[in-house]
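Each structure below is given as C-alpha cells.
One chain, subunit A, appears in both complexes that follow, with subunit B as partner in the first and subunit C in the second.
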Partner chain A sequence: MAEPTTDVLPAVSVRDVTRTYRRPRPAPFRPAPLVAALRGVSLDVAPGQRFGIVGESGSGKSTLLRIIAALERPTSGTVHVEGNDITALPERRLRGLRQRLQLVFQDPMGSLDPRMRVGDIVAEPLVAQGHAAPRDRVAELLQAVGLSADAANRYPHQFSGGQRQRISIARALAPRPHILVADEPVSALDVSVRAQVLNLVADLVDELSLTLVFVSHDLSVVRRVCDTVAVMHAGEVVETGSTSQVYDDPQHDYTKRLVSSIPTLRRALAGVTARDLAAGAAGEVA
Partner chain B sequence: MTAGATGTVLRVRDLAVGVRDTDLVLVDAFDIARGERVGLIGESGSGKSLTALAVMGLLDEGLQVSGSVRLAGVDHDLVGADDRRMARVRGRHVAMVFQEPMTALNPTMRVGDQVAETMLLHGSRGSRSAARSAAVDLLRQVHIPDPEQAARAYPHQLSGGQRQRVVIAIALANDPALLVCDEPTTALDVTVQAQVLDVLVSGAAARGAALLFITHDLAVVATVCQRVLVMYGGHVVEAGTVQDVFTRPRHPYTAGLLAASDLDAVDDRGRLRTIAGTVPAAGHFPDGCVFRNRCPNAQDDCAVAPPWTGPHQASGYACHHPVPAVAEVGRG
Partner chain C sequence: MTAALAPAVARGWRRRRNPSLVVGAVLVALVVLTALVSFVWTPHDPTFVEASVRLRGPGSGYWLGTDKFGHDVVSQLMVGARTTLFVGVVAVSVAAVLGVPLGLLAGMAPRWTGELVMRLLDLLLAFPALLLAIMLGAAFGASTLTAMVAIGIATVPSFARITRSGTLQVMSTDYALAARAAGRRPSAVAVRHALPNVASLVIVQASVSFAIAILSEAALSFLGFGTPPPTPSWGRMLQESQELLFVAPRLALFPGIAIALAVLGFNLLGDGLRDRFDPRLEDQR
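Let's turn to the complex of A and B:
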C-alpha cells in the first residue's frame, strides 16, 4: 500500500480515485445534480497478476476501467501505470501508455471499424505509433488468436461474434503491451464460444506474461480467469481477495447477495429455485 | 377450450420455417402441458427464436411457414392465420416477453396505461378506470415498489429490471395460457435477474400459465424449467426432463453445451471444454445429422439423418452414436 518503489512497481496502482459526473440541469436556474460514479477507489495490480473487477451496472467498474486506460480523467486521486502517473499527463504524452496498456471491449462489432479490412484493423495501433506495419506481424498476430492469415483481407462483418472478439484481441496485442485490460469480453458470446475465448485469453496471458485486468458482471467467469478480484458496489470497492476466497466465502454483505443470486447448474439440479435465488439477492439467508 | 380439456396448452406438429429453398427450422413435434415450464436451449443460430416467433405468428413476411401450431382456447391453427385473427390471440391466449424491455414498451406512453391497454383491447376489463386499477394491481404483483406512482412513469424513468417487470405485467394481464419468454433476463444484472425470474415463475404459476423459456444460459433453464428441448440447426436434437438431460445427456451436442458452460470443469490440459468449430450460417448445415461436422462421435452413417430415439417426443434424442447412457459428463 506504500508509494510505488523502484523495486516491484505495481503494474497498475489506483489511489483514492473519485469521479463525479454532472447531470443535466433539471431547470434553468437550479444547480446541476452531481452523480458520484467512483467514491475513493484504491487498488494495486501486481505485474503478472490476473485481476478481476466485478460489479453490476452502475457500480462504477466501467468508469474505473476507462480511467485506468486514460480514456477519462478522475475528479481526484491518481493512477500509476508501471510507475508513471497517467492522470497528470496531457493527451499527447499518453503514447507510452497506449503501448504498455491495451483494451478489449465487450462488443466487437462496435469497436471494429466496419469499413476497414481486418489486417488494417490489427495493424492500426502500430501505424498510430509510427511503426511501419509489417505484414508478417499481422499474420503472426492473427495466428496467435487462432485465425488464418487470409482473414487479413476480409471485413469484420464476415466473421462471427467469437471471431470478431479474436480480432479485437489481436489488435490489442499488436503493440506488445504489458497490460491487457478487457471490458466484459465474453458477455455477448454463446457459452461454447465463451469457453474458446476464455481459453485464448488465458493462453495469451501465460505465453506473453501479460498482466490482465478483467472487468465483468459475471463472478463465475472472473473466477475462472482471474486469481484476484475486487468487488465494486455503488462506486466503491467493497471486497478484495483471491477469487476462490471471495466466491466461496464472501465477507461483505453485498458480495454475499451477489454470490447467492448466481444461477448455477449444480445448485439448480440440487433443487434451488428462482424463489431461492431472489431471496439470496434480497439478502435473506436461503 | 379445444385442447384444454386434455391438459395440453400448446401442440406443435411438423413446423417448418424457411426462405426459398433453405429450411431454417424443422420441428417434428412438441407439446406443452398446462402450467408446465419448458426450456428451449441452443447456441445463437440454432433456430430457437424462430421457433418462438413462429408460435407467436410474428415471423417476417418473407419466411415460409408450414405445419401446425394449436393453442388451447383458440379454434384455429396459428400457422397461416391472418394478422386480424392473430391480434385476438396474442396478448390474450399467448403473450411474449422479449430480451430488451425498452424496445417492447412504448416510450411515449405511461407504463400504467400500457398495462391497461392490453386489457382494454381484449375486453377483459369493461371500463378504463377498472383497467387502470387492475394495472396498478398487476404492477404490485410483479413487485414494483410504489405501483401507483410507477404507473404514471414513462419507460425511460424506470430501471432495466423494472421495465422488464412492466413487460411481464403486460404479458400476464389477460391470464394467458402460454407465456413465451425469449432471453428475458439476459440484459439484466444477476441480482435483478434472480428477482425477475422469481416474479415470472410465480406470476405464471398463479395463473396456471405454461412457460416456453428460451435462453442460451443453461443454469437459468435448470433453475426455471421442468423440461428442456435442445435445438441445433433448426432441429430438436434432444428432449427430456431438466434432471435427465442435464445430468445424463445423450446427444453429443447437449454434452458439449453442458461441458462448455461448466466453468469449474477443465480437461487434462487445464482448459475449459469447448465445442469444436462454430455454428454454420443458415443453410450451410450438413445434410444428414446437422451436428456431424462438429461432432466428436461422427461417423460415415451420420450422413443419414438420425431417427428419434426415445419413448415419445418429450423424451429422447436424435443421434446414431449417442453419449453412453451411464457416462457422467464430469459433474456431480
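Let's turn to the complex of A and C:
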C-alpha cells in the first residue's frame, strides 16, 4: 500500500473501502442480491483542507461519508481519522472520534429532534461526552452561527430552514471538532439562503482552522467552498485533484460530462439549452 | 365582548376546536368528579341493606330508586365510579410500565431480537384477556386488583407494539443518527429521543385502554370474577339486575348508561388527543 509521502498525518485517510448492501431475497431459497455502493474507494484529506466529494445521487458519496463518520461499517477496507483506525473500533470506543469529527446533515427538518429545545440540541454532543452545564457555551455557539442566544429556549419548528441548518452547524461545532463533515448541507435550502449558509460554513472553517469534508451533487456549490475535489461515479472515485484543475481540465469522461453540464450565463446566452447540456454537447462554448 | 378580547378568544377557540377532545374530557371529568364526591358525600350509605325499601322506584328519597337489597342506586353508582377509575388506572399502569420499556427495547435491539420479543407478545395477544383474568382470579382469588392486573398484562402487547413502531420510526430519522454522531449511547438515544417522541402515541393508547379496562371489569364482575360484594361496581350492578330485568329494567339501565358514558368519554378523549398530537397537524396550529 502506497502511503502518502507527506510528513503530516492525513486528517482522514480512506483505503480501499467497499460497501455492499443486501437486497431482500426475491424468493425464499434464492440468495439475496448484493448491491455495491462503494467499490474500492481510497482518498486522503490533509489537515486544513477543504475537500469536496461530488457525484450524482446513487454514486455512493453519502455512504462514504457515513463510513468516515463511523455511523456505518465498511464491508472491507479501512478508514483512519487523525491516524486512528476507526473501522476496527467498537461503538463504545468511538468517543474520541465523536469529539474530533462532527457532522452536518442534509435535511434541516429531520436532523433536529422536534421535541427538544434548541439549547438542548446544541448542547447534546457536550452532554453526551460528559461535559456539564454548557449554557454559556451554547449561547456562544448560537451567536457564532448568527442566531440570538434566546433561540436556545425555542423549538426547531419555530425556525426557518436556513436557521435550522445554522442550529445544526452550532451543534456540530459544540465539541470543538477538528474535522467537519457536511452531507449536502444546503441542497434542502432555498436558493436565496444557500449562499449565506455556505459563507457561514466557509468562514467558520477558516476561523476555527477546521478540516472540511463536503459532499454535494452540486458542482457550483463545491467549487465555491472547496479547494480539493474528488469526483465519484458508481461507487468509485474517478478523479481527484485541486478544484480549479478538475474544473478547468477534467481528465475522466464522466468528469468532463459533469463539468460541461454546469449551466452558466455565457452558455445560456450562446443558446445552449438544458437538453444540450444533458447530452454533453456543450462543447467548448465556455 | 370587547374588541380587544376578541382575537384572543378566537385563537383560544381555534386551538380548542376539537369536539371529541372536549366531549371526552367533559365525560371523563364527570366520572372523576363523581368518584371524588363519593368520598365525602353520598345520598345514602351505598352498602346498607334496608329491607323495607327494596325495589323502590325513582322518587324523592331515592332519586333512581333502590335495588333488591334496598341499596340506593345513586349512591352505588357514585361509589362504583371509584372502582371504575381504580380499575382503569391499575390496568393501564401495569400495561404501560411493562409495555413501553419492552417496546423501546424491541425497537432499539437488533432486528431479530426485536422480532422475537414481538412474536412472544403476539402469543400473549392471542390469549383472550378475559380468560387470563378468570385464570388469575381462580388462582389468586377474585378481586378487583387481580382482575385488573390480568387485564393490564393482556394489554401489554398493544403498548409494546405502538412503542416499538414509534421507536423504529424515530431510529430511522436523521436526528437519531445525529445523536449517535454526537456520542450518545443507545440507551440515551432511547430515553432522550425515542421516548419523548412516542409519548403522545402512548397517551392516546392509554386512554383507549382505559375504556377497554372499564368494559373488562364490568364483564368480569358480571361473570362473578371481578369486584366481590359488597364493594359497589357498575358491572356487578348489571349482574344483580339480570334476574329482575322484567320487574325493574331501570336497575340494568342506569349502570349500563354509566358504563357507556365512561367508555365513550375515554374513547373520545383518546381520539381527541390523537388529533391533537398528530405531528402532521403540528404546523397548522
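Simple rule for what comes next: the second predicted complex is superposed on the first by the 271 of 286 C-alpha atoms of A that agree within 3 Å, B and C clash if a C-alpha of one lies under 4 Å from a C-alpha of the other, contacts with A are read in each partner's own complex, and residues count from 1 in each chain.
In this section, contacts are C-beta pairs under 8 Å (C-beta built on N, C-alpha and C of every residue); 3 or more make two chains touch, one makes a residue touch a chain.
These numbers were taken from a predicted model, which means no experiment stands behind them.
Undergrad: Let me test your reading of the model: by the given contact rule, A:L89 touches which partner, first (subunit B), second (subunit C), both or neither?
TA: neither
Undergrad: Kindly classify A:A46 by the partners it touches after superposition: subunit B alone (first), subunit C alone (second), both, or neither?
TA: neither
Undergrad: Is subunit A touched at more residues by subunit B or by subunit C?
TA: Comparing touch counts on subunit A for subunit B and subunit C gives B.
Undergrad: Contacts for A:Q196 in the overlay, against subunit B (first) and subunit C (second): which applies, first, second, both or neither?
TA: After superposing on A, A:Q196 lies in contact with subunit B but is clear of subunit C.
Undergrad: Applying the document's definition of touch, where does A:S111 land relative to subunit B and subunit C: first, second, both, or neither?
TA: second
Undergrad: Quick one: is A:D218 in contact with subunit B, with subunit C, with both, or with neither? Answer first, second, both or neither.
TA: After superposing on A, A:D218 lies in contact with subunit B but is clear of subunit C.
Undergrad: Quick one: classify A:L9 as touching subunit B (first), subunit C (second), both or neither.
TA: neither
Undergrad: Can you list the residues of subunit A that meet both subunit B and subunit C?
TA: none
Undergrad: With touch defined as at the start, can you tell me which subunit A residues reach subunit C in the complex?
TA: Against subunit C, the touching part of subunit A is residues 69, 71, 92, 94-95, 98-99, 102-103, 105-107, 110-116, 124-125, 128-129, 157, 168, 171, 175.
Undergrad: Give every residue of subunit A touching subunit B within the complex, in rising order.
TA: 56-57, 160-163, 190-196, 198-199, 202, 217-221, 223-224, 257-258, 261-269, 272-275, 277-278, 280-282
Undergrad: Using the touch definition from the top, list the residues of subunit C that touch subunit A in their complex.
TA: Going through subunit C, the ones touching subunit A are 173-175, 177-185, 188, 192-193, 196-197, 279, 282-283.
Undergrad: For the complex, which residues does subunit B have touching subunit A?
TA: 43-44, 160, 189-195, 197-202, 216-220, 222-224, 242-243, 246-247, 256-258, 260-264, 271-275, 278-279, 331-332
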